[in-house]
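One structure is given here, and the rest of the page talks about it.
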Amino acid sequence: MTLTTAEIAQQLGGKVLGDPNARLTGFASADQARPGDLTFAETVEYFAAAEASAATAVIAGQEFTSASKVVIRVANPRVAFAKAVAIFFPEPEFTPGIHPTAVVAKSAQIDASVHIGPHCTIGERVTIGAQAVLLAGDHVGDDSVIGDDSRLFPNVTLYPRTQIGKRVRIHSGAVIGADGFGYVFDSGFHRKVPQIGHVVIGDDVEIGANSCVDRGALGATVIGRGTKIDNLVQVAHNVQTGEHCLLIAQVGISGSTKLGNYVVLAGQAGIGGHLKIGNQATVGATGPMMTSQTAFGPFSTASKSCAIRRRIFCAFR
Amino acid sequence: MTLTTAEIAQQLGGKVLGDPNARLTGFASADQARPGDLTFAETVEYFAAAEASAATAVIAGQEFTSASKVVIRVANPRVAFAKAVAIFFPEPEFTPGIHPTAVVAKSAQIDASVHIGPHCTIGERVTIGAQAVLLAGDHVGDDSVIGDDSRLFPNVTLYPRTQIGKRVRIHSGAVIGADGFGYVFDSGFHRKVPQIGHVVIGDDVEIGANSCVDRGALGATVIGRGTKIDNLVQVAHNVQTGEHCLLIAQVGISGSTKLGNYVVLAGQAGIGGHLKIGNQATVGATGPMMTSQTAFGPFSTASKSCAIRRRIFCAFR
Amino acid sequence: MTLTTAEIAQQLGGKVLGDPNARLTGFASADQARPGDLTFAETVEYFAAAEASAATAVIAGQEFTSASKVVIRVANPRVAFAKAVAIFFPEPEFTPGIHPTAVVAKSAQIDASVHIGPHCTIGERVTIGAQAVLLAGDHVGDDSVIGDDSRLFPNVTLYPRTQIGKRVRIHSGAVIGADGFGYVFDSGFHRKVPQIGHVVIGDDVEIGANSCVDRGALGATVIGRGTKIDNLVQVAHNVQTGEHCLLIAQVGISGSTKLGNYVVLAGQAGIGGHLKIGNQATVGATGPMMTSQTAFGPFSTASKSCAIRRRIFCAFR
């Protein structure tokens, strides 16, 4: 793809300082950039590196000028960076159709524009919306729904009755809808509490590799719209996350806890059961230790929450 | 399924207070209940909610009475709850047979009542007992044994020589029998110690999604009868759990540690290598930090064990 | 396989004390050994157990003698142990060929000696070197490279453009090359930063079950030669490990951190983003808590690093 600096600036909502007709053919970090590349600098140091690089143009904030490079000035360089990368490296496209090795139940309703890769298994009464992409080895349990434009990377498992919104991305090895961990002690053994709920995942959610979202015991486990989940995260039964939360790698959330909107749980944080965490709360890495029934208000921060000493990471029992 | 309150009470070992002929058609939490539903209340608060709901009947303890609902009084409401849910939501059944896309070694001995789903691979000399269910994409390594009535959810991997008892449930993404982490340092590199043992899983065990139980270095890693393992748990080589333990999400147990019976390891607890943890010990969430060679007596609790300051989570080396 | 004690001693670089013609047919731990078995003892206690066992011969250090057993004296008993186990329990071999249920792109270049198991999917322009073994259900994304003698256990996922060296072993459920966790906040939602980099894995690396190595945001995530990664480990985008590191179970490393050579991260340790950890540093189990931008020198140890109080486990944002 070749675009001029002016064309790129228009797409990024920025202004060109220098040649508006310079041709851009790629995007790279400063240390890897070649002529024709666009690069990105957020600080004075990185801008100097960009100027010293072979790149043709630099995305930067309003305060930067350059004698040697075309500068595309933008209000928010990080946002412009994300947009620019998406322009030069669009998502791979997959042709519509069902691979002959996929096993698809006759009762499934698959939009004609869907791509289903090799060795997938699609259960009874499943519905898959327009432009969805399922790569190799995916399993979609009976009565599940996958919204338009969602993408399952290889070897994803959806248990029955899972509901996936639109533009959701689920990475390899993720397991959505497995039984929650629910037992009652009965005469010397742990009697299973059947886990008969399901999982509801909102629009624009992304779920990382090998993460787990358990089905509700009764009712739903809910991942709110726009929430992003990293790898190896555990979300227990009947958890409800708000919208636009970030759950970073190896976080664990115990059963029935509710997160507000814009909550951030940093890496390896462990959250007890039946908690309420308010809007915009941030829990620091490896977690403040939170007692069951604690409520976090909005705007609590890692440093504040670290004052809480004990954490009970309860199973449902 | 429709049952009368009297019929349900009989199955739960309870007594009906109110109309014994009221018809029950489902089970739901109070906030979701509709007429015909049975619900459940363990506390005064929940009982009030049940009374205010549309449910027809309530499972509750001996002390509850109601003017508006049929009450099914039981000695242990939680146990009765688990039983009632199992009555109204029985496990899905799967027809016997081997899907034509499954690849099954000729030397495997598969009971005629077994269900094997699409894209499974069953190795040489595998034995699978009556009524076992293997869903899509499961891999069973050579010389493995799966007992009667066990169930593997989709995309489970069993390495060779894995022994699975009866009525075992293994959730998607779980990996049983991968190599333990064993190396010896030799002239500047880590030389692999071949991991030639295997895994033995007792009857009535449940293993969560994406959990790992490594094969023994020599000899067996053992999961005792009735033990329940949550998601994303790591059980290293030559660990032995007792019977009826609970290993909650993201727990890690290092090599050769032995757990007694009824041990509970709460979420994210990390347990060092070569430890012995006594019967009925509870380790709190994110773990007391335990020195190698520490022995925990029976009835030690999280608060007691928190006095132990250091944790060494050793690899085998 | 039957070998004499003299033949084994020669392969281990040791000397026989006792009958050099005694026949050895297996290897076992002292408590499991039968006549004909070789066993191993590193301490006086274990040596006594070996003498009391049914084993025919014992690998031991230079200081041991025995009236009842043949002793194979070696300079390093653990190294000799690893070698002896490898002699008696060689890796299973797999016949060359592509299983008829595997789906292999025509543009892939697969050496004739490669074994590809059932239900694998091999993408466009993939290259697989001599004697590589891919077991059932593996997925290899477009433009990936797998070096000679590497082995993928069942249900491994490699995203596109992954580069795997020689003699690499990747265990079941591992996901290599999934998107890093990168978003920028933009007007109330988390805008995805496309993750357009890749993963490079050096020779002689082993990666455990259900571990994740994310692709670089731009450029590569690199696992250095000889590094060994245990189960359920998270390696974020643009991390670089040195050579011969050990990453023990459930470790998490945040984005762009660089490890030197021979770094050991013990179980559940969490490492922040953009850190540099020097050669031979050891981080204790569940982790010292490390601030972003901290640099660890060589030979820093767990006890030293524990003086650092705060850990920030940053996502890329």
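Points worth noting:
When the chains are written out, they are named A, B and C in that same order, and each has its own residue count from 1.
We take it that contacts are C-beta pairs under 8 Å (C-beta built on N, C-alpha and C of every residue); 3 or more make two chains touch, one makes a residue touch a chain.
What you see is a predicted model, and the numbers here were worked out from it, not measured in a lab.
Annotation: the subunit B:subunit C pair of sequence copies touches via predominantly different residues, less than half of the used numbers being shared.
Rotation angle relating subunit A to subunit C: 120°, from a CA superposition, given to the nearest 5. One inter-chain figure worth recording: subunit B and subunit C are separated by 28 Å, centre to centre, where each centre is the mean of the chain's CA atoms. Along subunit A, residues 101, 119, 137, 155, 173, 210, 232, 250, 268, 286 each make contact with two or more other chains. Chain contact summary for the complex, subunit C toward subunit A: residues 101, 103, 119, 121, 137, 139, 141, 155, 157, 159-160, 173, 175, 178-179, 181, 183-184, 186, 188-194, 196, 210, 212, 214, 218-219, 232, 234, 236, 250, 252, 254, 268, 270, 272, 286-287, 289, 310-315, 317. Subunit B contributes residues 27-29, 32, 76, 78-79, 81-83, 85-86, 89, 91-92, 99, 101, 117-119, 135-137, 153-155, 169, 171-173, 204, 206, 208-210, 226, 228, 230-232, 244, 246, 248-250, 266-268, 284-286 to its touches with subunit A in the complex.
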